[in-house]
Amino acid sequence: MKRLNFMMATALAAGLIAGAAAAQEKVRIAFIDPLSGPFATTGTQGLSIYRHTIKELVNEPGALLDGQAEFEMVPFDNKISAKESLIQLQVAMDQGIRIIAQGASSGVASALTEAVAKHNRRNPDDPVIFLNHSAVDPALTNDKCQFWHFRFDANADIKMDALTDDIAANPEIKKVYVIGQDYSFGKAVASAAQRFLKEKRPDIEIVGNELHPIGKVKDFTPYARKIVGSGADAVITGNWGGDMVGLGKAVMGAGFDKPIYTYYGATSGITAAFGEEGDGIVKLVGAGQVNPAPSPDAQAFIESFYESFPDLDLGQPQMANVAPMLAAAINEVGNASDIKAIAYALEGMEHDGILTGKTVMRESDHQAIQTVTVQGQTPGVTFEYDKSGRGMNAQTIVEMASKDSATTCEMKRP
Amino acid sequence: MALFLVNVLDGFVTGLLLFMLCSGLTLIFSMMGVLNFAHASFYMLGAYFAYQISLVTGFWAGLLIAPLIVGVIGALVERYGLRRVHKYGHVPELIFTFGLALLIEETIQFFWGKSQLPFSEPAALDFAAFSIAGNAFPAYKVFMIAVAMGIFLTLLYILTKTRIGMTIQAALSYPETVQNLGHNVPLVFMCVFGVGTAMAGLAGVIAGPVLGVFPGMAVQLGSIVFVTIVIGGLGSLWGALVASLIIGWMQTFATAYNVTAEQVLTAMGFTKPELIWDHPLQDLWTLTLPQLGPILPYLLMIIVLVLRPQGLMGNRES
Amino acid sequence: MSIASKTRLTAGTARLITLSSTMPWAFAMLFLLCLPFVFQTSSALTIMNQMAITIVFALSYNMLLGQGGMLSFGHAVYMGLGGFFAMHVMNMVEDGLWLPLPLLPIVGGLFGLLFAFIIGSFSTRRAGTVFAMISLGVGELIAACSVILVVFFGGEEGISGDRTMGPPVFGYEFLSQQEVYYLTVFWLLLATLLMYLFSRTPIGRIANAVRDNEERAEFLGYSQRNVRWISFCASGFFAGVAGSLFAINFEILTEENLNLATSGSILLVTFIGGVGFFVGPIIGAIVFTFLQTVLGLHTELWALYLGILFVGCVMFFPSGFAGLIAMHRRPLALGKLNLLFKPYLKVALPAITSVLSLAAILEILFHKRHGYGGDHEMVLYGISFDSTGYHALVMAAAIAAVSLFLVFRLLPEIRAAWDNANHAEAQA
Amino acid sequence: MSVPAIELRNLEKSFGLAKIIQGVNLQIAKGERHAVIGPNGAGKSTLFNLITGRFAPTSGGVFLHGEDVTGMKPFEINRRGLSRSFQITNIFPNMTVFENIRCGLLWTMGYRYSFWHMIGRQQDVTEKAEEILAQINLTQRRNELAGTLAYAEQRALEIGITIAGGADIILLDEPCAGMSHSETDLIVDLIRNVTEDKTLLIVEHDMGVIFDLADKISVLVYGEVIESSTPDVVRASAKVKEAYLGASLEEEAV
């Protein structure tokens, strides 16, 4: 309990310092993601990208309130648990933090967005804003959308739109096998794949559409057998983590040598695990790109990231937009404490993303519209993943992807 | 038909791999009465050690050395951990091994981090041994079968043809006689635990390249191993073999064939509701056999335990 | 059911409600009522609520392990199912069902009871390994179902609700964390009292008898299976209460409320606290929640420390923290507790130093290996240093060596003092 | 003659190929003190286990007061008024002496699976338990853990638990095993005391105890009753002498 006292004291002290409006105001952002447990790599990588972006694009150039203020990331370990996330949210709010960032797991994101909505409804004078940097379940900006949630990553539908562009352009693909984890995101990927393929290439036959239990499959060989047996020309999967590695290795091990389209088939040890076998086969759809760097500025930005964090990868380019866009919103409002005004400022904001090209935070559903790329695993790229001698190289680039896509969001504004 | 054959082979590999774990676990349980919850953790240790060794010396040295190290660690755990807890009874022993499993997982993360490690099969075996209707069967899996069969035959030989084997067999059937063997019982226990864990370690080494080396690999396999020996019958080596193969095939075939509840229900004369996504029974209609695959062993275990608590081939109740 | 014992208590002979038996309860109540005045932040309240829920859950678990001798690897099932049903009822309240929020735990408890009744009908036939394995199987089964049966369990996102939609109770709508805290504390006290009283009923005592010697109990007219089954149902009820409290506090339930990790951690909680004592799980829950949430804020290695603590506990003090405290009852009764103060104080400093420095070694090693790339600066115990060199490591190792040496030097003295304090005649 | 308290009809029990009990017929009248003697391995404990439901017989029947209880579970048989003690001390080691006795009382005093009574507040149970404690001379040890008692005290407690429930048929399996002479005398007095007006079936090796206590004696050899009569008859029986001595000699030869 002593620790709690201490926390209260620090929170109080922080409040006092903020009140005194020192020359170097710290605007703190709570980073609530897994920093221990099986998904710690994801969280650590995300935190590093934030820290790098803040240093390079906001604090050092003095881009926040004319250099009067600085961003600071405060990490909170949610152990990828909804319950822990809610506790950490409370802790963060007690420390006076009103800007929350999270991204790993749509399940946690959905718990957080609900909790934030509830808090803001119960405390309308003291709202909290939730910046979602990588949870891509479409529901978050459709049925579950709410004013205080902003998504900076392209959602699963947008990514599938770009992914199917790539497939549509390849006349050799006649049969596609869709496989994913049995939960909301996997289902979203599967239904989007069906929808877009039907629309773009009605001649393509979906020879398999399958969901497997999440995190429970020890050996993907039987699935791989089915995929090979179906005669598919391409595989689409939303799998991540161990399920991605297991599926990829099994499919390639069963002799499959055609494209495997993935959402999360790179970095965090996955590229290294696939190794040479995955070159030319594993594709990844994602926002922005690192190879080739889209601009000299981006090149320098990525280089300095790898200098600072040689053991990590810049795996989520869209995360580099969060801090600059937030800074722009705060600059527009003129202070960092009027959260409601900041949220309004973020709505519809246009931004020149360092790795994602022209980026717009769509007003209707708070979904960022940006460049989405389909990348292929390639040996000898400039910025490699997992120090494995290979990385992802952009092949199909779609600017302002799905900018006119429909949304079911009925945003209620305070 | 071709796919069926491939699945038979794949299921066989899975089953044999499971058996390598189960045989050690059964041996330990039969002799010492300890259900080693941490058994899969020793499997994980085997894979991690082999990876680390393979970085220096290549795969083959790892295959030999890693199980030895795991065995020694196992023996030490028995000597300085289990033996200490033994006097408090079986439940604390079980709890001790449960804690050990947690500790091993955390320790591995401490040293090797949380990501998947790039541990792959040796280049010498990295080719397709044969292929059935376009489905490649990797040479490495042939090797896995060979190793597992080798282990099984060795075990069979030792148990049926050697003196120490006879003693162990006697102990399997009549645990109370262990005390009267006239051997140094604590030493026998230590060796059995060491050998059992070394076998788990070996299973880890050969499974690592196929199933992946990551901190969750023990948890993923842990409970299924218990389920297997419980189904087979605690203390029965043959039961462990039979149950391992049953589970190997059951899981492979459950994933291989897309039988859906919709097919079954339609065949039974029900009609699928139009608006399935809002229907209260949507889950029932959308259920598929591959979805159920991973829970089938647990279902089987509960059924076996309710109908035949001593397991399929067990002859004593715990 | 347990309500019955409560009414009996109040209606029963008043003279047996003595001052000494009600004092601890009154004190606990007063203490819990005052806590929010000390810890006012909502995160502190959330953590205290979390502790309260874990206490109820751990006590219900100990009805099985400590009092009934049943080792369960799937107790989260009953808490989780109770919670899920409570959450669904909470959502029905939002749609117009009349049920004041404070009564919700009864709903969850009844569903926990129902499932314990069904599953217990076959799992309690045997104790020991068979029971443990069935509990594991059922646990895995239900956890797996939770991802498949999306309508009920909400898939990976779980289901959520809003506690404030029910009819206000005395004007309270449970908007603030503080109001929720008092609701939780009310149920904590009630559930704890009921579980305590349960251990004093004929069935509670016979559960102990069955745990000690199931065969003998059979020859006294008791069916061991029925005794276990009833304990199991009661335990399921209180687990369901804990689940409902969880639903009220966090307004969300997910697969993690049901899975094996949760079942495993409650075993850990109960064992660390001490299974042989009624207060054991309470101590365990407080220590565990504290370590998990607070230690978790400061180090990534919290789970490793917890694992070490657990294994150490099983090996060296299997009766848990409560057992360590209870060991001092005899010296206290002999009036020789004071003999222990000095040696304890003497060893405290080196012992704490050695624990901290050993932890420091682990932290530095971990930081060297896995620290954010390029981030060589490390802050430990308020000291900031560069973790790349070996200075810090050597220093921590040296401190650890010296303090450990001191601890081992002092051990004989402690042992002597202990023997002395435990023997009535030794002083003479 | 009235219905016998215990009746065994052609009782048989085999373990695998070994026939341990081969067709035992026995009638024990109400209020009788009946002893079973026989050489080691004659099947005395097995017979007890068959009567009390610990094992199910291979064939034949067990009747209590004329009611067929064959194949019933121990607790069901206990509820019909039969209680037993064990050769190897079988108590609740982690509970106090007082609680041990109380456990023996609860079922028959009607508390059964009750969770609506506070046990400490049930005067009738407490008084009865104290009474039995006094009877077995363990009042002094009342609050000690049963597991910490001396051997003889544990044996006394075992008997205390057995008789606590007020069963009218008591089976005692070698109550005096491993006791000194003075301790044995105390136990025999105790047994005589507590089984007043009850049916007693006892297995014992100490012949002094047997002839002191029993109204009738049955001799069990290799799973068969070769004689069942009054002590005097048994003492004089040549058949018993032969079988008993023969068996003893064989035993020694092994």
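Note that the chains are named A, B, C and D in the order they appear, and that numbering of residues resets to 1 at the start of each chain.
The working rule: a residue touches a chain if its C-beta (ideal position, glycine included) is under 8 Å from a C-beta of that chain, and two chains touch if they have at least 3 such contacts.
All values derive from a computational prediction rather than experimental measurement.
Where contacts are defined as at the top, ignoring chain C yields the following touching groups: A, B | D.
Chain centres here are means of the Cα atoms, and by that rule the chain farthest away from chain A is D.
With each centre defined as the average position of its C-alpha atoms, the distance from chain A to chain C rounds to 36 Å. Centre to centre, using the average C-alpha position, chain B and chain C are separated by 31 Å. Between chain A and chain D, the centres computed from C-alpha atoms are 75 Å apart.
For chain A, residues that reach two or more other chains under the stated contact definition are 37, 40, 182, 213, 216. Taken residue by residue, chain B touches two or more other chains at 113, 291, 294, whereas all remaining positions touch fewer. The multi-chain contact residues of chain D, meaning those touching 2 or more other chains, do not exist; every residue touches at most one other chain. All chain pairs that touch, listed by label, are A-B, A-C, B-C, C-D. Residue ranges of chain B in contact with chain A, taken from their complex: 3, 6-7, 10, 13-14, 113-118, 120, 128, 131, 133-136, 138, 210-212, 214-216, 220-221, 224, 251-253, 255-256, 258, 288, 290-291, 293-294. Residues 65, 69, 71, 122, 125-126, 128-130, 132-134, 136-138, 140-141, 144-145, 148-152, 260, 264, 267-268, 271, 301, 303-304, 306-308, 310-311, 313-315, 318, 362, 365-366, 369-370 of chain C are the ones that touch chain B when the two sit in their complex. Those residues of chain D lying in contact with chain C across their complex are 52, 54, 73-75, 78-79, 83-84, 86, 90-95, 99, 102-104, 106-108, 111-121, 161, 165.
On the chain C side of its complex with chain A, the touching residues are 39-44, 46-47, 50, 144, 147-148, 155-158, 160, 162, 164, 175-177, 246, 250-252, 254, 256-257, 290, 293-294, 296-297, 300-303, 372-374. Residues 35, 81, 84-85, 88, 90-92, 94-96, 98-100, 102-103, 105-107, 109-111, 113, 219, 223, 226-227, 230, 234, 280-283, 287, 291-292, 294-295, 298-299, 301-302, 305-306, 309, 317-318 of chain B are the ones touching chain C in the complex.
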